[in-house]
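The structure appears right after this line, and notes come after that.
The first chain written gets the first letter, and so on, giving A, B, C, D and E; residue counts start at 1 in each chain.
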Amino acid sequence: MKKLTYFPGCSAHGTSEEFDSTLKLVLKTLDVVLEDIPDWNCCGATSAHVMTENLAYALPMRNLVLAEKLENTTMGIACASCYQRMKVTKVHMDENPELAKRINTTVVEEGTYQGKVDVKSMLQYFYEDIGVETIREKVTKSLAGLKVACYYGCLLTRPKNITNFDSPEYPVSMDQICEALGATATEFDYKTECCGASFSISNTEVVLNLSGQILAMAKESGAHAIVVACPLCQSNLDMRQPDIEKQQGIKYDIPVFYITQLMALAFGNPIDQLKFPKHIVPVEGALANIGKVSPVPEKVKKPIKAVEAESEVK
Amino acid sequence: MARVGVFVCFCGANIADYVDVPQVVEEVKRIKEVKYAVEYKYMCSDPGQGLIRDAIVQNKLTSIVVAACSPRMHEKTFRKALSDAGMNPYLLEVANIREHSSWVHQKDKKAATEKAMDLCRMAVAKSIANEQLHEISVPVTKRALVIGGGIAGIQAALDIADARIPVVLVEKSPSIGGKMAQLDETFPTLDCAQCILTPKMVDVASHPYIELIPYAEVLELQGFVGNYKVKIKKKASYVNFKTCTGCGACWQKCPVKVPNEYNMGIDKRKAIYTPFPQAVPNKPVIDAEHCTMLTKGKCGICKKVCLPGAIDYEMQDEIIEREVGAVVVATGYDMWDPTPYEEYGVGRFKDIITSLEFERMVSANGPTNGVPQRPSDGKVPKNVVFIKCVGSRDEAKGIEYCSKICCMYTTKHTILLHHKVHDSHAYVFYMDIRAAGKGYEEFVKKAQVDTGTTYLRGRVSKIYKKGDKLMVRGEDAQIGQVVEVEADLVVLATAVSAPKDNPELARLLGISYDKYGYLSEAHPKLRPVETAKAGIFLAGCTQAPKDIPETVSQASACAAKVCGLFAGDTMKKDPMVSTINNEYCSGCQNCVKVCPYGAIVTDEVPIGHGSKELRTVAKINEGVCQGCGSCVAICRSMAINLAGFTDPQIINEIVSI
Amino acid sequence: MITLGSQGKNTFLEDVNKKSGANVLECYQCGKCVSTCPVSQYMDFPPREIMQMIKLGLRNESYMANSHWFCLTCSACSGRCPREIDIPAVMEAVRHLAIEENYINDSKKVKEIRKFHEIFLSMIKRYGRNYELRMMAEFNIRTRNLFKDMHLAPKALLKGKIPLGVKPLKSAKAIKRMYEVAERLEKNK
Amino acid sequence: METEVKDQLVSIEKPELVAPPNWEPVIMGILCNWCSYAGSDLTGTSRIQYPPNIRIIRVPCSSRVDPWFLIKSLQTTADGVLVSGCHPGDCHYISGNYFARRRFLVTKKLLNFVGFHENRIQFSWVSAAEGPKFAKVVNKVTEDIKKLGPLHLYKKENFDKK
Amino acid sequence: MNYTKQIQDIAAKLFAEGKIDVFVGYRLNGFDDNHVPVLITDPQDVSKLVFTDKSVFNLVNYLKTDHTRRKRVGLVVKGCDSRSLNLMLTENQVKRENLYVVGICCEGVVDDAGQKMQNCAECVVPDAVVSDELLGTPSGQKPYTVNVDIAALAAKPLTERTAYFEEVFENCIRCNACRHSCPLCYCAKCCIDQETATLYNGANTTSAAFHALMTWSLHLAGRCVDCRNCEKACPSHLPLHLLHKQNESVIYENFQEHLAGVIPEDRGAFYKYSLKDPDDFIM
């Protein structure tokens, strides 16, 4: 059994609750226990560093300091934005002890920053710490037939000197995980284009344009669905999809999965736990490609239990 | 008692602005051995040297200290001044008060002045221990080695051989010709590369003074200027060149197909092959890596069809040794591999090719018979995007420098495209058009007008696939808009990079190379052809990217240098070599072990005066000794000293301040 | 027309370089950032031009440009910049300088972006975490655009995409204190 | 050690000895002709500034440097020494610096063993192209040695400088 | 450990067969049970020869003298002595064909007080590595241990080491007995000779002693076999082994476990190099 310090991020309890809950299902299969950072706070997202330098460091700093109180050496973060803020802070603090000392004064009561805990996105954790092969071994329901466009967004692999993970231009980690699950990853050239993320509310016009291009390219690549590992990307591509379709006059109808949803599905978890109903764009069409398992209505519980029992026997 | 003269240079303002020169002069006058000290504006100027000459005569000086720029700069100049005054030139010491003081302590004149004084004291102390030294004469082997058979090596070899000096030309691949043999037409005159190159290649093969060793590499170089010994490995070709008639039956029948290097892998050659039809020598070799007879012992067809019986599967690599007096290195360049450009999808998109691949495609003897084709579907491209500076001027993904030739060859490519595909349209993404050269700007202008090529000023940021087209996105800074071009084919003007084997070669030859892997010249402006190691010269792109005219000029310059070196029967050599004091030498021979040049041998001397009994001592070969001093430092009994850097000289320096 | 040569030393360039840690002088105007930037079409001056403006010392013009407000900090430009200039950091430096020196770009879009960030930060100050529903509501009220995204609301609320409440931090005081100290640090710089 | 009061700089080896006011260390720099000396020339031509405490001696190769020179320097004039040569593999004389490297390690350790602070004996590889690196090296060495205070060891009887 | 009988027999036999002109061995010093070296040229005298754990001196040193040079010599060597002999052979100072070497598988020798010598307690190669005849049972190579005195001193603060060695060098009287007693100090001119005063600072001062002993120990670095002839010869009883052992431990740790003279034809550590030598101490 592995242990991992977990920073859920604000959206885990809101817009991306399905990411959070399916992540927990996946980690259960992978035998990883999450330990939440006690009384964590918001990372400050884009807003903090847009407006002020110190606060942008101080908010993540508090979480980093709190995380050091747990014993684990790695912190996993679900949300790509939280991950980036936390990692940027960590890298800058480690590079510049003077700055670390100064920022530390804002959270002096929580403790002293020591730089003990490494920060990883959950995607990075799956890829580096769990490994594609281990994931492949755990698959009980192959996703063969499903073509997915893996969309990483800006924050998981950029900037290279901060994240130090995968390629900033054409990353392949999520593609490899999807292929391990049995799905086919399409050749998708917009893997790391920006979706507009932080303008989701304040500048919707930009978001519609940028996310629109991503949807178009995903469709062009022949994908049935998009896979993401970031709540902001998901909500922009999924929630705004009807608006984009309206604006462009094109019907995309391309559901946007969290990577954990697909993993949980392939690991044989009952469909009703995967929170598909939360999606704005219906997922049924895309999932039909993987064959017999069609979304099971929540009422029918018995056969799912049977599947569960089966997997336990294995 | 030593009588030292000290001459302190202002170097215009270079020294005088940051060092109080008169004060330095006053200070050195206090040293008891200093009998004369003076300052002057430019010591290296003729009047400055005159000052030294006059002072030597008038003051009966026994050694001279010039406090000026680095000895690496003007030591020779001042030595000359000493000999002109009838003094042994090696009684000179230079105190480096410019590079080591005035230029590096510009904010603290007092400290810089004090340091300059100390440097003068050290030089004075050292000069007191200086001894008269005399140049060494060494015999010369009048034969040159040229490494690399591209246009640079060919030109150098021909020019040297025309002066009736024997040349050994070593080429790595089975044929000479190099990169130029792969080109279609050449800028700015558009003459066909083959037409101007192949006659020279044939000249090389038939020249009575040139020994061509193809399919070979240099293994080892020993010795010193005028007296090098080189070991060359001639790779087994498995074809006896003496009996082979070059009929071609073997490669026509060979069943094994291998990507063709000459055509950048666009088509296939056989496992027994001549690289291209005009190859020199026009004899095939067997590619041992792919030949099934050599790898698995199955096949043998070429041997069956060879009427003269020239195929020999048992052939072994051969080591050839030659004595040469000088070496010309002309190993050319590599095309930079654009894989780091992930945003262009290099490696993922088949229809992105490099400029050399394009060159092969438009070449009349190329794999597509001179008509460019899309590698993905073989269609003739209509919209072709050329991207310049791929790898060049890009410190993030490529190389910092400008590759110099890409602007011109891309211009040439737009013309060639226009010639071959009349209804095509070329787009060029560029940052600057660098067309400095005779007829170059005119060539660019003519190309732009004649072909109607669209020039877009900006670096391409992304290429992605849309249907069967490639979408090329970049900014056109002229209109300040982001543009996307729908391309059928994208040609990357990849950078010129140093041959990857250069560092190894440099180590083997004992010369230096820069951070990119280009071999270093002795001086960037005044000695661009020589290396720091005497007798080794550089021609062509192995030193830095250059175009064909420049390469040929440098190759001819190398030839002139080699001919100059061989002008006399002996050569003069610096006297800074190790000397052995037999009386002190205990014969332990540890020095023999540390000498990197094998310049120390053992000798037998009588154990005492008039004795018949002999004992072993070390002996230095002055001609071979390069003066590193390794032997001096390890000699425990102080039997060895290095002229110019003797123990007393250095210790004097240490204790003088 | 811009007259150059009268302002003396380019202090703006120095300020930006110092604050960003980048060296704007390294920029050779290749434009790769412009075609990389997902929002360059919305900017008054795309990144390349901002770099040149900094080099020319056009302080006011740079401050008043909307470019640094539109920058999404997606870092795509810096990842591709052949001179490895940290362009987002330069943008951020210009923005922070503009805020410090009180240069307000009062176009509607910039106002909205700014308002959003302010509301977001106040949310965190109050709850320690983001309260999405309240934030959206507040944003709509303060930008006088009550019905923005309202068509999404029923669906999103129904699907539980946006929770109705937020679980505030236990140690909300810690966050308030952090804000105070950070503000003080900002002032004492 | 670093927190020592600045105007009371003492010799690290003999804390009872206090540096005279405005004391500046003397550093003997022994540089090989082909790489480090050329590199130091480049520092000059590039006008990169560095502290003026170093006195440079030119030798053909780092392998010419007899450990004796280091001992002699420390015993007579210098508060510290810096020997610099070509990077491994780049020696103008093919292998000189490899031999030198062995001697340097043993000499440094021995001098440290008999009571010299290890920072008084420093080595660097500086190529002809590394003008900035040379300045960096000199900066570091000077800074290091300034912290150690004057070197009084074995100097008092035979050397009465300035 | 007593090979007196065997050695007497061997020497007698060698003289009888006319194979040697001189035999170098040990005899009793005449007033207590300690041994001193003896050069025997008369076959009558072989009965004087002894060998026990009191046979301390390294006899290879006597190959430097005119009594033995260019003569056929019989010689007794212990483990450490044989290593120095190996180096003498490699460094071309004696010819193997002129020697008849009686090797001892040494069990350690004792000092005047009867205590086992420190270098014997730490000995790595007790068996003679060069010999024509080997006496005793070989016990094989022992693991290398860092000298206890070195370890103790290295652990002390810098200022203490400084003070300690200042006293050491102060007590040196520049008599050069160390140099004379060392088998590997065969140079015609030596760096610690007074006559090279201008360069090497020959005056009899602490500073000069520091300079001389440091240079000397570096000339022996990678060659010293830890026989301690120098230390036994020193009238001031300076702990000279400290310098040698310090060098030896640095060389052993960093240069492929080099030990002087163990392998035939292997030169001192400074006359060879490895690309893997440590580089991290260099900026």
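Brief remarks on what is shown
Following the convention adopted for this analysis, a contact is a pair of C-beta atoms (placed from the backbone, for glycine too) under 8 Å apart; a residue touches a chain by one contact, two chains touch by 3 or more.
Predicted, not measured: the structure shown is a model, and the values here were computed from it.
Under the touch definition stated at the top, chain A and chain C share these contacting partners: B. The most distant chain from chain A is E, comparing centres defined as mean Cα coordinates.
Seen from the Cα centre of chain C, the chain whose own Cα centre is farthest off is E.
No other pair of chains has as many C-beta pairs in contact as A-C. Averaging C-alpha coordinates per chain places the centre of chain A 54 Å away from that of chain D. If you average the Cα atoms of chain B and of chain E, the two centres end up 51 Å apart.
If you average the CA atoms of chain D and of chain E, the two centres end up 34 Å from each other.
Residue positions of chain C touching 2 or more other chains: 80. Multi-chain contact residues, meaning those touching two or more other chains, occur in chain D at positions 72, 95, 99, 103.
The set of chain A residues that touch two or more partner chains comprises 168-169. A complete list of chain pairs in contact reads A-B, A-C, B-C, B-D, B-E, D-E. The touching residues of chain B, counted against chain A in their complex, run 342-343, 345, 348, 462, 464-467.
By the touch criterion stated above, chain B contacts chain D in their complex at residues 70-73, 96, 98-101, 103-108, 111-112, 114-115, 118-119, 122, 507, 510, 512, 514-515, 520, 532-533, 576, 594, 596-597, 626-630, 632-634, 642, 645, 647, 650-651, 653-657. Put simply, chain C touches chain B in their complex at residues 28-36, 40-41, 46, 48-49, 80-84.
Chain A contributes residues 167-170, 187, 189-190, 217, 220 to its touches with chain B in the complex. Across the interface of their complex, chain B is touched by residues 70, 91-93, 186-191, 196, 198-199, 219, 267-268, 270-272 of chain E.
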